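First up is the structure itself, then whatever we jot down about it.
Each chain carries a letter (A, B, C, D, E and F) given by its place in the written order, and its residues are counted from 1.
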Amino acid sequence: MLVSPHSSSNPKMIFQVLFIVSLLITSLSSADIAFDYCVGDLTLPSGPTGYSCKDPAKVTADDFVYSGLSVAGNTKNLFKFGASTAFASQFPGLNGMGLSLTRADLEVGGAVPIHTHRVSELIIVIEGTIIAGFIDTNNTAYYKTLNKGDIMIFPPTLLHFQVNSGSTPVLAYACFANENPGIQLVTTSLFRNNLPSELIEKVTLLDDAQIKKLKKILGGTN
Amino acid sequence: MLVSPHSSSNPKMIFQVLFIVSLLITSLSSADIAFDYCVGDLTLPSGPTGYSCKDPAKVTADDFVYSGLSVAGNTKNLFKFGASTAFASQFPGLNGMGLSLTRADLEVGGAVPIHTHRVSELIIVIEGTIIAGFIDTNNTAYYKTLNKGDIMIFPPTLLHFQVNSGSTPVLAYACFANENPGIQLVTTSLFRNNLPSELIEKVTLLDDAQIKKLKKILGGTN
Amino acid sequence: MLVSPHSSSNPKMIFQVLFIVSLLITSLSSADIAFDYCVGDLTLPSGPTGYSCKDPAKVTADDFVYSGLSVAGNTKNLFKFGASTAFASQFPGLNGMGLSLTRADLEVGGAVPIHTHRVSELIIVIEGTIIAGFIDTNNTAYYKTLNKGDIMIFPPTLLHFQVNSGSTPVLAYACFANENPGIQLVTTSLFRNNLPSELIEKVTLLDDAQIKKLKKILGGTN
Amino acid sequence: MLVSPHSSSNPKMIFQVLFIVSLLITSLSSADIAFDYCVGDLTLPSGPTGYSCKDPAKVTADDFVYSGLSVAGNTKNLFKFGASTAFASQFPGLNGMGLSLTRADLEVGGAVPIHTHRVSELIIVIEGTIIAGFIDTNNTAYYKTLNKGDIMIFPPTLLHFQVNSGSTPVLAYACFANENPGIQLVTTSLFRNNLPSELIEKVTLLDDAQIKKLKKILGGTN
Amino acid sequence: MLVSPHSSSNPKMIFQVLFIVSLLITSLSSADIAFDYCVGDLTLPSGPTGYSCKDPAKVTADDFVYSGLSVAGNTKNLFKFGASTAFASQFPGLNGMGLSLTRADLEVGGAVPIHTHRVSELIIVIEGTIIAGFIDTNNTAYYKTLNKGDIMIFPPTLLHFQVNSGSTPVLAYACFANENPGIQLVTTSLFRNNLPSELIEKVTLLDDAQIKKLKKILGGTN
Amino acid sequence: MLVSPHSSSNPKMIFQVLFIVSLLITSLSSADIAFDYCVGDLTLPSGPTGYSCKDPAKVTADDFVYSGLSVAGNTKNLFKFGASTAFASQFPGLNGMGLSLTRADLEVGGAVPIHTHRVSELIIVIEGTIIAGFIDTNNTAYYKTLNKGDIMIFPPTLLHFQVNSGSTPVLAYACFANENPGIQLVTTSLFRNNLPSELIEKVTLLDDAQIKKLKKILGGTN
């Protein structure tokens, strides 16, 4: 037996043990204080791989918990789609952790517009029914109906979408393999800025009238 | 305008266009057929980064969808904890995607035993209330009560746990930053094998009686 | 001096030195034979990170050289754009090297259609003038005129394009930060497959007529 | 149809739509502002993976374009070799992008001295003829003549070189799989510093006279 | 011959050569000054991948050498185990280098307590005999006796241990695949903090008495 | 004299050397369904990131232990340097683990020739005294005397060396941040193959006589 109850009940011995163990622990883990986690400090410079780390001495359990997804995003929009996101900029505890989460609410007839992002997405349907799919670089479309409890993986970067194909609202969660997935919606990317219509026409083959109509709806110019 | 309705209604022109576009598309994306995704083929050799890829010609939408999490795991066990996992070995579409998912069901009084894995975990509470936490390499414990809709991040490798702290069953999903997180439960790792009790005693400081008691409960020998 | 002319001119001594050095070299580098490079063998299984390696004993200098880019791609298509690609599937010497190259030829009025891929792209203009740009995830468009010798970086995944804005043909090379960048053209992804028009309408906000028109031109169905 | 021309021509409705879409867009992409790209700010601290990011609010299209390669590097030197580099320190838009580019000009009889760097290099010959090659860790040399339009891949770290083997000047571009490849020339590394000649002799087997001669030419001491 | 002894003995020519070569060298490697290495500056912000880099102009050979492991760690503790660590926080030259080292001294009867860390560990026995092992995620234990000169690899994250099984003190070195491996000792993680005993009981199945006994020895509360 | 004909012409001694080397090169192993480890199976195809995994069902503790470093490498060579390597090809348990180890033995006056490899190296001196150093891409040399117990880090790819600067043999261990570091010795790379002398002259500035002399010693041709 390494420690007898007797000796461990000896206060002097306990103090000695604690002091020694503290040395042991310090020497073993001091290097890791800042790197077990790196809660983002958005006031410091950021680098290619994320935000700078918040002072570990000021980190508490609250830094690792986020409640923002308990509220549905606003679905009163063209897509009848509400998104609540937990990315590193909203939830800095994710900084460097390689994961983030989005809550998607879809009204009846709603859709997550076709989009892309740097990393994989894994979606789970909590309520309702959707048709979800993606298109690969050979232009093959893979899509399927997902019911409550079904999950689907969307490979990195490939264009994908989800549509409420049922008669009730949809609640789903999407997990991403990065704390900042970089979500880009094709339609808003094309029509909600100052890209000249003629340029868009050349690079998409869309008709001028269609382009101008969507620019008007989405707030684009030129 | 690049193509007039007139010309595009010319069958010969359409054939020409399709032929030309097919050349264009082939030359642009043929290299990517096997690498937009790499659905695991568990009958082929695996490597450090995952399974070999299933023949892309045989891949269908079904390869990217999994329904196994719609069923709760068995909770009739010591921890009153049921886990349904969607890792690459159950859901080969995850191979190379860097994401996986587990459904956790906790009866009243149940717990996810303290465990570790290679990658980050992001958990979301769907039903019930839990106390979740992790311990860093300075032995500081970070734990907090999570209610429905709350999420918490657990850094890579650090020991962590979840306990049903409410009066109703808990349903939660945990997303992992790898298709094979490598989940290791401390208690079963120590007591459910043939590690000699004396060895366990030396490397844990646990009493011999405690070790033998848990070995008996969990099926360990020596 | 380590080796005197005298001793090194002793044939027996030279044999001994060579024998001994060969042992030294073998023990130092035998581990690396297969891993200095991994020329792709497309007949073996592939994995998430690339093709299996060709037998190193059969590798020659030819495996590391490719001449396919000396020929312009066919520009007789809707976009007046020809692409010659050197990805790992055409040039297996690139397997595992993290780089690939495409030659882009643009006729007057031609364009590289808006597209995306998993990795960064760095383009250099050899002949002619283009307007090149990308759109970030806040829908801000960054575009500029590039002349001979100018280079531009396109961040991973973000939608981008190049248009011949001059009065002469354009020759440009694009380098990618992966041997299989996974190039996806938005227009062909949407309209050159069997995605139902109604689905496309919901996820893009495009008009039904526009969708059907482009499906007809590009060979899509439904 | 999601939006009728009628309703979209209603100014109040448009304002409403824009407001709602702006919410949608904000919630979807705010996390990514700093991470779609990370233009290097060389005045801030740098980390192992690159420079800190320039304030995204100050980023313009100019940050992603570089014209420095339109000018040939000075070839009036021992190797008759001129290099113009576009690495992150000259072209901060490359920071975190994993790509960089060098223009190589070789006079008749010129050579890119044998060198090494951390990452792969992919070279394309624009004008002239070269003999290019590398040596693997088994001391096998792989070298070949490259003509206009040919490309060659050089694996990470392995010693390699390019020599103008023709009767005209050579223009070539080399793409690297990192924004800071870390190019090291063997000859200047050995002879252009204060490494004691005896030390160089021991670790290279070169003769003392040869070492001192090259130190004199290249500016080394000791 | 590129440079004749004659010309190189011409002072003017030498100056010219040095000037030209300096241009060449500058243009080739200026981008890499900060990135050949990134000696950690612990006074600047850190990020997910490590510390900020010390000003390269102030870096000397001393930054890359560390003598702290020549002294044995204190073995007067419960485990009769002394650890001297060379992690990036003690030896900032390791920052970004992906390696670190620990010296382990074990008295007769001593043990490295069961622990885990983010990365692989490769151990070599310099003096003495140990029993070393790890447990995989299937609860299978792999352990073996190691004598002087033997090495053993411990996969990332998996629980592992080393015990002095001989009659003499043990000296061993452990190399880690990261400059900050994040070493976590199971016993001190569980019993040297304020985790409520009831919580520990639920997530480990340990008896309340055992938990309280070890908390007392190790300095835990609650 | 470097090699006494007497000792090295002793057939028994040569047989012993070959036998020991064959032991170093011949040892095989396995991996796990959940990828806890991936012991290399050298009979299956390899990929860019390593060997295929051995059937996990056949894995034993022996797969993770290697004794080959308990034997010194042969130092009867030009550099008076013996290397015993534990790379994945000799010790397949390292496959995918990101670590490897080499034992270096240096006779009095011996040296590890200047070399490079893909990854960082961390060396520890067990016996004797060395001068160790590296050169950065600005041609600055960082070198220092290391005594027993000192460690030094060598950044990835940069040219580096170790020289026995004492009056006793040196024993040191070098840990690498990859299971296959890809060690390349500059001198043998240049002079132990069929690279034409004129080519070497152009890319190194070495004199023709020096090149031919070293080719003769090291077994190069042309």
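Simple rule for what comes next: a contact is a pair of C-beta atoms (placed from the backbone, for glycine too) under 8 Å apart; a residue touches a chain by one contact, two chains touch by 3 or more.
Just so it is clear, the structure is predicted and the values come from calculations on it, not from any experiment.
Chemist: Which neighbours does subunit A have in common with subunit D?
Modeler: Common contact partners of subunit A and subunit D, which must touch each of the two, are C, E.
Chemist: Have a look at D-F, D-E or B-E and name the one that copies the A-E interface, over half of its contact pairs being the same.
Modeler: Checking each pair in D-F, D-E or B-E, only one repeats A-E, namely D-E.
Chemist: Angle of the rotation mapping subunit B onto its copy subunit E, from a C-alpha fit, rounded to a multiple of 5 degrees, please.
Modeler: 180
Chemist: Taking each chain's centre as the mean of its C-alpha atoms, which one ends up farthest from the centre of subunit D?
Modeler: B
Chemist: Per the centroid of Cα atoms for each chain, what is the distance between subunit C and subunit F, given in Å?
Modeler: That pair's centroid distance is 34 Å.
Chemist: Roughly how far is subunit A from subunit B, going centre to centre by Cα mean, in whole Å?
Modeler: 16
Chemist: Could you list the positions in subunit C whose residues touch two or more of the other chains?
Modeler: 2-3, 25, 28-30, 32-33, 36, 45-47, 49-51, 78, 100, 133, 136-137, 139, 143, 156, 158, 182-184, 188, 192, 202, 205, 207, 213, 217-218 - these are the residues of subunit C that touch more than one other chain.
Chemist: Please give all chain pairs that are in touch with each other.
Modeler: Chain-chain contacts present: A-B, A-C, A-D, A-E, B-C, B-E, B-F, C-D, C-F, D-E, D-F, E-F.
Chemist: Going by the contact rule at the top, pick out the subunit C residues touching subunit A in the complex.
Modeler: 78, 111-114, 116-118, 131, 133, 135-137, 139-141, 143, 156-159, 161, 163, 182-184, 186-190, 192-195, 199, 202-207, 210, 213-214, 217-218
Chemist: Which subunit C residues qualify as touching subunit F in the complex?
Modeler: The touching residues are 2-3, 5, 7-8, 12-14, 16-36, 38, 41, 44-47, 49-53, 95-96.
Chemist: Flag every residue of subunit D that touches subunit C in the complex, lowest number first.
Modeler: 1-3, 25, 28-30, 32-33, 36-37, 59-62, 64-67, 69-71, 86, 91, 93-94, 97-101, 119-122, 124, 126, 133-134, 136-139, 142-144, 146-156, 158, 173, 175-177, 201-202, 205, 207-208
Chemist: How about subunit A: which of its residues touch subunit D in the complex?
Modeler: 45-50, 73-74, 76-79, 81-85, 87-90, 100, 179-185, 188, 192, 213, 216-219
Chemist: Within the complex, which stretch of subunit B touches subunit F?
Modeler: Listed in rising order, the residues are 45-50, 87, 89, 180, 182.
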